[in-house]
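Look at the two complexes coming up: chain A is in both, with chain B in one and chain C in the other.
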Partner chain A sequence: MVLPPFALHRPTTTAQALSLLAEDSVPYSGGTELLLAMRMGLIRPTALVDLKRIPEMQEIRTDRSRLLIGAGVSHDRLATDPLVEQHARLLAAAEREVGNARVRAQGSIGGNICFGEPRSDVATVLIALEAELGLANSAGERSVPAEEFFLGPYWTARDATELLTAISIPLPCAEGVYLKFQTVERPTVAVAAVRRPGGDYRVVVGAVGEVPVWADYPGVGEVDPVDLVGRTSPVSDLTGSERYKRHVTEVYIRRAAELLAESER
Partner chain B sequence: MTAAQPATGHDHVVVAADVNGVSVTEPVPTRWTLAQFLRDRLGLTGTKVSCELQVCGACSVLVDGAPVSACTYLAADIDGRRVQTVEGLAARDQLHPLQRSFVEHFALQCGFCTPGFLMMAKALLDRNPDPTEDEVKEYLDGNICRCTGYEPIVAAVLDAAKRMRGQA
Partner chain C sequence: MSVERRRVAGQAVQRRDLFEKVTGAATYTVDVTPPGCLHAKVVRSSRAHARILGIETSAALAVPGVIAVVTASDLAALFPRFGHIIPDHAILAMEKVRYYGEPVALVVAENIVAASDGAEAVQVRYEDLPAAMDAEAALAPDAPILHDDDYGASGDESFSEMAATPGLPDHGDSPPRTNVAHTVDLSWGDVDAALAQAHIVVENRVHYPMLYAYAMEPYNAVASFTEDSLHVVSSAQHPFMVRTDLARIFSLPLSRVRVQVPYLGGGYGSKSYTKIEPLAAVGAWVVRQPVKLVLDVEEAIYTTRADSAAITVRSGFDAEGRILARAFDIVLDSGAYADNSPLVLAKAVNRCFGPYRVPNLRVRGRSVYTNTSPASSYRGFGAPQGALAGETNLDRAAAQLGIDPVEIRRRNLVPPGGEILPGKRGIDADLPADLELVAESLQRDARTVPGHGIGVACTASDAGAYPISTAIVRVQTDGSVTVLSGSTEMGQGSRSVLAQLVAEELGVPIEAVDVVQSDTAMSSYERTTGASRTTTLVGLAVQRACADARAKLTEMAAEIEQCPPESLAQGDGVLESADGRKLAFGDIISRWFGGDAGEVTGVGTLRRDGRTQKMPPFWEVGMVGVEVGIDPETGVVRVDQLVTVADVGFAFNPKAVEGQDLGAATQGLGGALFEELVYDGPQLVNPNMVEYRVPRMTDLADKIESIVVERGDGVGPYGAKGGGEGALNPMGAAVANAVAMATGKWPSRLPLTPERVWRLVNDLPEVDAE
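Presenting the complex of A and B:
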């Protein structure tokens, strides 16, 4: 019931936030993942650095040929923002189905990504859209492709002293479908199948294994569900055995590819 | 909006918020959840705590109109904001249309989940006064009733929505 004690910092600029981050002084926004982990004793930071008072972390805007989303933007805003709907419809659609209405109101896209939960809806979609993740620390900034960000369960390319500042999606954005099978609060398997602006196709399979896997195809008819399932490493848990999940994954890849093909007819 | 705060490094913060129309200014430990603050400091025990995982919805309250799980939301974060709990729904002796509708539809048995369902339903109707049955089910799918009263609950919300549109 009770959270362990911690100090609360409330910086109003990114620079202030960066000066406060350390191994045990961690970024905090919606708390939908962090506070649960703290209550379970999995993480015990001495300080939380609240990012909600940093205005630029809450921005959604376009800049030349990119859609830029501040890491603090909530799922609910992404699900309903006109700019996101206009430029990245697949992200908006996936965001409408994240968790439940409370998680969507509280939780931020940046927190979702940085927590590295293997069953993240957002991770699967951002890889499909070839998003770039902007990371900053007091020494400077770097940009990491979403494809290279998710290293393992609850493990990402972000260093403890780094802050994810913004998610950058190239425009025009890939279009397609996001399909998931879900019986509890997170998906058992999630599939994003998109046609990329260059005319080829990408299928990303998330949630079923420790990290998302994906493959690119010249045509939607060439999507090979059996091969793609073979690249996943499903984890047996209460939502199903490994064998069952392989079967469901194959079905969902096939359905996603069919839906994408139909949408193009 | 934002009250003056010590910028950094304290394990207590002063929270100035509007709770059900009443201004509240209180120092709270940073580690306190909103549910603790409402129940233990303000005596507003209508907000229930159950799963503590943001899954069951029993602790749902509104902060600046948005539904949050009070069990997994820092009390510190209500500073400068407006909080609505189930105690704020009725106007004196006059039940809120949602409450009246829940009674009429027998949309509760033990009642433990009811405050959460009421607040989530309010959040839904505030942004969508005319939801379809599917939209109601979808929005309330993060709330659990173990007396299995879902059908009366959905019927009650739809009926309240109709009533509230009629009154408007």
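Presenting the complex of A and C:
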């Protein structure tokens, strides 16, 4: 379908952007999800609020014990940025394999998260890294843990008048592996298995269900793939039946845990 | 046999369209917008099978910018259908719709946004009819009937000559009507007697998936009427075939219909014959202004797809693995309209049993109407479907007999010159030698570890379609040459090949040759661009046009030099007089006409006579081998090796041949491992490029070897014959055979997705019981 007409706002400060947001006046950065949805007639906003000219939305920096990533930063930059590579290697690794080259060049981390796509690579990793998501509106700011942000398919804790401004990752960052089974544009199942700074382990299973699920374990040997699969809610689609998805999820949890254990030897 | 090395032909010259395409300067149909052009959007059926009770257009006409809403009722003065074999295809649905996505109305507006808004505002009232969503349902005794009319269908001479037996639409005069659009049967010998005496009889049934050719450019057309002439710019492979359909629709003389084709963004058969040109044309006819129609990928998928197939094969073998008899039953799911499926069926029938000595044969083929997107030509033309049945059947026999898969083929392949179809042209290739090349390459790098398997498969396609070609070469006063051909440059590189041929024949620099193609008003006639024919058949016509130009130049030189024509010797871009003077072509023209002007026009024609009397014009070889590795836990199939043989007789441009060969193999890999259009209810689940998975660079084999074989055994210039489809045809079968070797289980359905392979390995049913 053809892109329907819309107004385009180009604010240069977060405050300006916030004053422009409304139910049918939506944030726009890379447009890799938004413009497709508009072309398909799924949404028809009257205005797009372009965030690309707001400098702080493009920042990557460390502040005391946190890595701060502006919501407008592209996947490509996250995949190659030295600060991210130094402090959050798992995120950099996952970002290198998001979508395809065009999506990585164009798409932003904030857009990825806020779209609420159940098969988001980024969501799985951010829960593993215990990221906090900074939300702002004209009334003020709040911070939501990544664990509590994803409420359902294409449904997040962000209110329509809110803007995701930054992603904040506590340092030192959890380290581990991100492994995904992917046959089409997006993963069928994604597993992030990490050793947390406190010494215990977290396994997050994304993409296969409506929202990511996770469990924490005192030792990597105690990861229980069968139990974790039981917490997911796979739905049959072209990439596999429910039965097959449960099976490969179990395989990938086990493989991720084994890889993590190996990396620690 | 080897081929002679030449000055230009046979060299890896740079493609003529390289910079234009890489820089984006190349013109495609979507780039063409004539002055005053309006834009159209198609209103499509939301039902698989339904009676149209009414079409409410007033809301659409009220949308600002909307000029007209065209429906079937506006076409009463026209011939409202198209279809070159069975003219069953309604331009706009009449009385009922037969598939989800079928054009019901065309909204014409000042801009595309208005057209889209207008299309959404058109209200169509339907009365649902029972639908037949697959061939099995369509063949059931109480199936809903899609077509109540036989449309006066008749295969013309060319059609019956391309089929081994002249099958005709199977409607007859007597009710009850069925959903069988077309039948083709082929047989010789006594199959039942031979099977009764066979050492073993091997039977299996396979399913080949519904595919989309995914040309990067979807279907586009721009139509305009001036005075009483129709001008259409379109993404068509066969502009002259489209012209015929358009002339019938508007009752126009052929000379008053101009179909012009700029560059094509890929065709793969999916752009052969008429597609959306009638839609754009009736829009322009109603509003009397130019109308442009641009489809997106989803609309393109609902315009044409490839025939899916269910095939049962039974073969009898002696104890040494020699084929005694083969019997095939082929059912193609051809969708709502016949389009070119009758010919796809005929080719599937001719090609399913393979390039082997088959003393007794019986093939029954049916092309079946279903309430799905209409199927038509697709690269390989019935061969990939048939080969999946025939070639996996051969491997099953080899396994039962304890014979190596390569060896069983060795024992059955026809020798050079041997007949595959009785009375037709013998095979113009050395298939046993080609097979050894594949086997050697595979064995050299084979890994004999668990989870790995090797598969080979062979095909030979009766290719080239029907030999009707013309060409014109115009030699200019500066010695440069303009070549006119009705063939289409669709990415395969024909523009470069034809330039090479002319440069070679006339002895002029390739830079001095320009090739003008695919315009029914401005280029010469060409029947089709398909069936891998251009280099071979257009090549012959061009070669004859060059000879004609040389003959005319010789006559002219003899006149101005006042010498006998025989005394003039032929040289590169020149004629040489008896006293050793070189007479340049351009100078001969200038002197003969006087006034430093004029040109010489050489004409070449090709028809069914002489060397192209016997059908098919040539055989196209498909000979591939793959090695796969399988992850038993996930069922993922990884291709380690891909070996193909491009047996093209003479490689005009070896780089282009390799590119075509690898492209064909990769497209075949798509159908083998990834691609399948899936219907769930009336509509497709995956009519888009995110969920319809085509091969990617990362899917390519670690080792790829494309072996270009030149034995000069083709009918074309310098011994050339067609390529570009061959490697696709056996790919599905080769991959299935490799997976069978790796897993010890026989797959019967493509694509071999991870889940299918996992289920195969674990003896699970194809789908779980509810």
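Please note the rule applied: the second predicted complex is superposed on the first by the 264 of 265 C-alpha atoms of A that agree within 3 Å, B and C clash if a C-alpha of one lies under 4 Å from a C-alpha of the other, contacts with A are read in each partner's own complex, and residues count from 1 in each chain.
Just so it is clear, a residue touches a chain if its C-beta (ideal position, glycine included) is under 8 Å from a C-beta of that chain, and two chains touch if they have at least 3 such contacts.
Just so you know, these numbers come straight off a predicted model, no measurement behind them.
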{"item": "Clash or fit (per the criteria above) of chain B with chain C on chain A", "value": "clash"}
{"item": "Partner chain in contact with A:86 - chain B first, chain C second, else both or neither", "value": "neither"}
{"item": "Touched partner set for A:46, first chain B, second chain C, both or neither", "value": "neither"}
{"item": "Which of chain B and chain C A:76 touches, first, second, both or neither", "value": "first"}
{"item": "Partner chain(s) touched by A:143 [first = chain B, second = chain C, both, neither]", "value": "neither"}
{"item": "Partner chain in contact with A:20 - chain B first, chain C second, else both or neither", "value": "first"}
{"item": "Which superposed partner A:102 touches (first chain B, second chain C, both, neither)", "value": "first"}
{"item": "Comparison of chain B and chain C by chain A residues contacted", "value": "B"}
{"item": "Partner chain in contact with A:247 - chain B first, chain C second, else both or neither", "value": "second"}
{"item": "Which superposed partner A:181 touches (first chain B, second chain C, both, neither)", "value": "second"}
{"item": "Partner chain in contact with A:238 - chain B first, chain C second, else both or neither", "value": "second"}
{"item": "When the two complexes are fitted on chain A, the stretch of chain C hitting chain B, from 385-393, 421-429 or 655-663", "value": "655-663"}
{"item": "Chain A residues contacted in one complex by chain B, in the other by chain C", "value": "1-2, 4-5, 185"}
{"item": "Chain A contact footprint on chain C (complex, rising order)", "value": "112-113, 116, 296, 633-634, 636, 674, 678, 685-686, 690-691, 693, 753-755, 758-759, 767-768"}
{"item": "Complex interface listing, chain A residues touching chain B", "value": "1-12, 20, 31-32, 35-36, 39, 47-48, 50, 52-53, 76, 99-103, 105-106, 185"}
{"item": "Touching residues on chain A, where the partner in the complex is chain C", "value": "1-2, 4-5, 181, 183-185, 238, 240-241, 243-244, 247-248, 251"}
{"item": "Residues of chain B touching chain A in the complex", "value": "2, 5, 7-11, 13, 29-33, 49, 52-55, 57, 60, 66-69, 72-74, 76-77, 120, 123-124, 139, 141-143"}
